[in-house]
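Both complexes below contain chain A, partnered by chain B and then by chain C.
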Partner chain A sequence: MLGHVGRTLLRLFVTGLGIASVAFFLMRAIPGDPASFMLGDYATKESITALRAKLGLDEPVWRQYTLFLSHAATGNFGTSVVTGQPALQEVMASIPSSAVLALSGLFIAILIGLPLGIVCAVRNGTWVDVSVMLGALAGISFPVFWMGLAAILLFSYWIPIFPALGSSNSKDILTQIYHLILPALVLGVSIAAYIARLTRSAMLEVLSQDYIRVARAMGVPERRIIFKLALRNALVPILAVIGVTFAWSFGNAILIEAVFSRPGLGSMLLKAILARDYQLVQAGVLILAFMVVLINASLDLTYTLIDPRLKAS
Partner chain B sequence: MTTSLDQQKRDQQERRKATWRRFTSHPSLMIGTVILVLLVAIALAAPWLAPYSPTRTSLINTLQDASWAHPLGTDQFGRDVLSRLIHGTRVSLLVAFWVVTLSLIIGTIVGGIAGFFGGWIDRSINVVNDILMAFPGFLLALAIVATQGSSLESVIIAVSIAYTPRVIAVMRSVALTIRPRPFIEASRSIGMTSTRILLRHVIPNALPPVIVVATLSAASAILAEAGLSFLGLGVRPPIPTWGNIIADGQASITTNPLISISSGLCIAAMVIALNLIGDGLRDALDPQMRRQTAKIL
Partner chain C sequence: MQKKPSFNTNMSRRHMLGLMGATAAVSMLPWDPLSAQTATGVLRVRLGADIGNLDPAKIFLIENQTVAGHIYNGLVKYDQKTNNIVSDLAASWEVSPDATVYTFKLKPGVSFHKGFGPLTSDDVKFSYDRVTDPTGGSAYRGQLASIKSIETPDPLTVRITLTAPTAGFLHKLTAFNQGWIVSRKAVTEIGDKYSMQPIGTGPFVFDKWTPGNEARVIANKAYFDGSPSVNEVIFKVIRDETAAAIAVENREIDIFFALQQPDMIARMRKAKGVVVFERPANHTINLVLNTTIKPLDDVRVRRAMTHAINRKALIDGYFKGTKNEASTVLTPSFVEYSDDVVKYPYDPAKAKALLKEAGLASGFKFVITSVGLNPFDKIPVPIAEDLKDVGIDASIQILERAAYQQARSKGEIQSCITGLVGPPDPDSPLVSLFSTKSFPPGLNTSKYDKVDDLLAKAATSTDPDARKAAYLEILKRTASDQPLIPLYQDRLFLAHTERVQGLIQNSLFTMQSFGVSLKG
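Entry: the complex of A and B
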């Protein structure tokens, strides 16, 4: 058990270092001089020189790299060129709104996707299976931002029951939830399609194994076979997929925030990209990627709780 | 001599028939291929199919409803939406084509080297690959386009970098299972070099699952390209792409919903085709392959 935890932590550290390196070299890969690129076409020579010095661009690359890493380790990601605030603070301020959207989307997705996937595997080949899988195929194939627009058209204009804006300034928690419903549903449905497909194939594989046939021959009730014997074994690959979809839910949240004009990491990143505020882009990408890795690592640790066999390996 | 040649010919025909039967007995593969061939035909014939120029603006014809002259209406610059959709097919297909090609070439070579040679080569490739896979694909593509500027080339490069690591991972795991097999040992004993074994035996034998993953990755790549164009970071206007047509239609979604709706249907058709082909190939080639590819996607 401890060995597994240790390995997970080591991998976490290496991946974190790698993510920081990718974020650093992405900035360095800006064609030409980053400072003059960030300041735009009308920058004076003095302001470019000042920004170059401030960003440390006059130092040799390896020195910049080590400085960047040691600063990042202490939570210093530079300051936003536009607002003058520390980049970390800006990113952190935009996370809660995105996290609420991503988590509620994921919750809806599991609520819809998991039962549908199980039903499809149990009723394999019937019209229920075929129609749910066709729906899931559509769910993974339509762009999520298009689904958002279609949802606004349907539920805000033609049948006006939900607001088209994905957020509100109101302090009232119920109003905020009311504005969250539509974006969370769209995100949830798009991820539910993936979860349903994977749950179905994981369950089908487990249900075709010998010990299930033995259990059936011994007269174990079908309900017990499905939920106790099969689902528990299928849960490890399903959890792995939920970890992957969590990363997607943040990627998709960027697009959904744009459609529903909801504040959050996505709209912050987009604004920073358009303003060429690369310190902020760098910090946002780095922190978001690191969050995803952290979540996957903690999921990885929970596998051992579900599947004791993994402790040994 | 002639009989053995005849026999060979018959065998070949027989094999071809078997392949065809396998192809036709998987409806998802058939439907996906038909849709894709249709889209390729539309992309190739775009200049002749499109009733108008996709970029010609007309200020007296803005935001027209569907009519015989403009079957899907016009956008806020008076451009014919149908013509823009037809030309937009090209960008999506180009992205799909290049992502499949680049990820297959890079993925098989890098993944094959990692899995076949093992040791420190494998470990170092694997560490880098894991790091790239840790980024949500869309976020990585977004960051690359943000720093490299918006153009068709940088979108293709960004999306390829974001989606090739999956192909590398699958190629590596398949190469790992091929390495200990007897025919590799045999090739070595007759004096084949490692490079030759890799190119002649490991890569061809590993191709089926890798092609499946590359096809499914292309589906994600098209969605990513559409997302980038939708945010205004992808291929620059006025070049029509399905993603930026949806963005154009967003402002007038209540009065002219056809613009965004029809463009989204086009994206879905292409992505459904690729997903159907990927799923169908997976089922048709080898049922046990599910295990190797399912975990990645």
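Entry: the complex of A and C
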């Protein structure tokens, strides 16, 4: 176990260093200058030079790089050039909103996707299977921003039961949940399509195995075969996808955030990239990478709980 | 462990029931959550992008300027309706006959927010000094470059001496960008975080910023011009205009600021209980031609291009009539505006003739460089088509914003699309677009150098008529030389619900809640 933790930590460190370096050099490779972006159309030559010096952009790149790494190692990601706030603080402030959306979306996705996938596998080839899979195909094919706009049109405009704005700063928890439902539903439905398809194929594969046939022959109740014998074995690939989706929805929920006017890590990163806010991008990318590694590591641990055979390897 | 599979039917069923219960609870709630937020006194305004910097020395972008306009005052300000310069923090002012010394008397009893003390002449001096400080990195240093010295004989008197007579200097001190007055104490004490913890003297006090989501300002009950009628203003970031329109229709927001898409303007006009305001903006959108690159150095070629582009069709077609035709870079918002200049109506035949005269009957390669922001990534398409019709081999290059900015400031591209959002100060577009001082860096990417003398004359002459004549001469000369092709005059739109009373739309492309009250 200790070896496992040690290996995870080492992997975290190497991944972090790699991601930090990629973020650092990619940001500097793309054209555009933070100082002139910040100063706008009225900037004079002196003010640009002065601001570049203040931001340390006049230093050679290797020096900026080593400075960045040594500061990042101590948890100091500098301050955002646009807002003057500590970069880490801004990134952290954007996480709760993203986490709530990702978690509730995933919850809805599992709630819809998993049962549908099981039903399809059990009723393989029937009209139920075909129509659900067609629906899932549509769910995968429709871009999430389109679904978001369609949902707003449907549920905020034609049948106005939900607000068009997917976030509220109200202290009332019910109001907050009320604003979250529509974006979470859209995210959930789009992920549910993947989960349903994957559950179906994983279940079909397991159900066709010999031990299932043996169990059936021995008269094990069908319910027990499906949920106890088959689902548990099919769960590992499904969990892997859920993990990836969770990490994905953190950064990529940006389309949903844009449509529903929600704050979040994705839209914060986009804003920072457009403004060439180097410090904020670096902090955001690192934190995002850290979370992905963390989620994957914790998933690795749950695999062994579901499938004890994986413990040996 | 093994007896309890992670997913069993009962479990999912319970979850399902739980969720259904929650949904039912929401729909059966006794209160209506949509209107729960519309407590009287809270004005909700849509912003199209997040704010990020409210420090007047570095501020730009209309969203920042709109929020900052609630927090700060200037010595003087533009009357929102007429654009005349009127008193703000200054009770009165005197200009020496040669227009080199400006003396202001401050209103007594004005205080900064959050206990940062009374406004004194020292704060005014501090505000301008930090803009002109060469190491301060202020964007607006050039705007106040003519200041020689600032004296503060007493706490309520500010005397500004200029290096040269400048009749239009009051424009630079209006409540906008570098004209906003900050507190020496607040800026010094708050330090780096000042840009998002601003302290002003204005009608609203900055309360809270939730990044990517909203900014809140609350009424300054002690405001020198009287307490605002609304208790609080929430600026909500809603990027998508369709979502913003639905939010207005659902009464989730009260004011749709920066309404731009022609479809949404039409939709808001049709919506029940929604009022749409419009007025000419202070800026035009222009196709700027680099007059140092062949064959654009030939005035006949530039004139031919203006004849070739069907600007009326662009306005009526793409913009569905929501913009106005332009022949110069000034708009009717300016006192100095005049339409008495040479015009180049759409005339492909004439364009071809002019090109032939310039020895370019077979055309030339031309690249329109523009920025990947709506509508600037779309309008080059019809323009390129029009240019192709007269034989110019036009192509389009769309760049992301920061990359576009960099390409533009290098000055090696043939053309770019530029519009300068700013105050109704004629120098703002004219100096920025046509003075040799404005490149590099700056927006005179035409590298045009034929009106420096007239700009100097307009700046220094103290006789209002002579000034106006000089500006007219600038407009005539630039229209004749066509270093840039004015594509259209922008028009500003704003929608609000009938609940909003007393709102005045300004031409600065900002929005002011002081003076607004809410009905019901």
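The rule is simple: the second predicted complex is superposed on the first by the 259 of 313 C-alpha atoms of A that agree within 3 Å, B and C clash if a C-alpha of one lies under 4 Å from a C-alpha of the other, contacts with A are read in each partner's own complex, and residues count from 1 in each chain.
Throughout what follows, contacts are C-beta pairs under 8 Å (C-beta built on N, C-alpha and C of every residue); 3 or more make two chains touch, one makes a residue touch a chain.
Predicted, not measured: the structure shown is a model, and the values here were computed from it.
Judged by the touch definition given at the top, the superposed model places A:A258 against both chain B and chain C. Contacts of A:T199 after superposition: neither chain B nor chain C is touched.
Contact with chain C, but none with chain B, is seen for A:S94 once the two complexes are overlaid on the shared chain. In the superposition on chain A, A:N233 contacts neither chain B nor chain C.
Residue contacts after overlaying the shared chain place A:S168 against chain C, while chain B stays out of touching range. For chain A, the partner touching the most residues, choosing from chain B and chain C, is C. Once the two complexes are laid over each other on the shared chain, residue contacts for A:P31 go to chain B and to chain C alike.
By the touch criterion defined above, A:Y178 reaches chain C but does not reach chain B.
Residue contacts after overlaying the shared chain place A:I152 against chain B and chain C alike. Of the two partner chains, chain B is the only one that A:I140 touches; chain C does not reach it. Residues 30-31, 149, 152-153, 157, 258-259, 274 of chain A touch chain B in one complex and chain C in the other. Here chain A touches chain B in the complex through residues 11, 14-15, 18-19, 21-23, 26-27, 29-31, 137-138, 140-146, 149-150, 152-153, 157, 198, 201-202, 205, 237, 240, 247-248, 250-252, 254-255, 258-259, 269-270, 273-274, 278, 281, 285, 288-289, 292-293, 296, going by the rule given at the top. Within the complex formed with chain C, the chain A residues making contact are 30-33, 35-48, 50-51, 53-54, 79, 82-85, 90, 93-94, 97, 108, 111, 114-115, 149, 152-153, 156-157, 160-161, 163-165, 167-170, 172, 174-175, 177-178, 181, 223, 227-228, 231-232, 235, 257-264, 267-268, 271, 274-276, 305-306. Those residues of chain B that touch chain A in the shared complex are 127-128, 130-132, 134-139, 142-144, 146-149, 219, 223, 226-227, 230-233, 243, 246, 250, 253-254, 257, 260-261, 263-264, 267-268, 271-272, 275-276, 290-291, 294-295.
Against chain A, in their complex, chain C makes its touches with residues 1, 5-9, 12, 15-16, 19, 22-23, 26-27, 29, 33-34, 36-37, 50, 52-53, 55, 58, 60-61, 134-143, 145, 177, 192-196, 210-214, 234, 236-240, 242-243, 246-247, 249-250, 252-253, 400-403, 405-407, 409, 420, 422, 432, 440-443.
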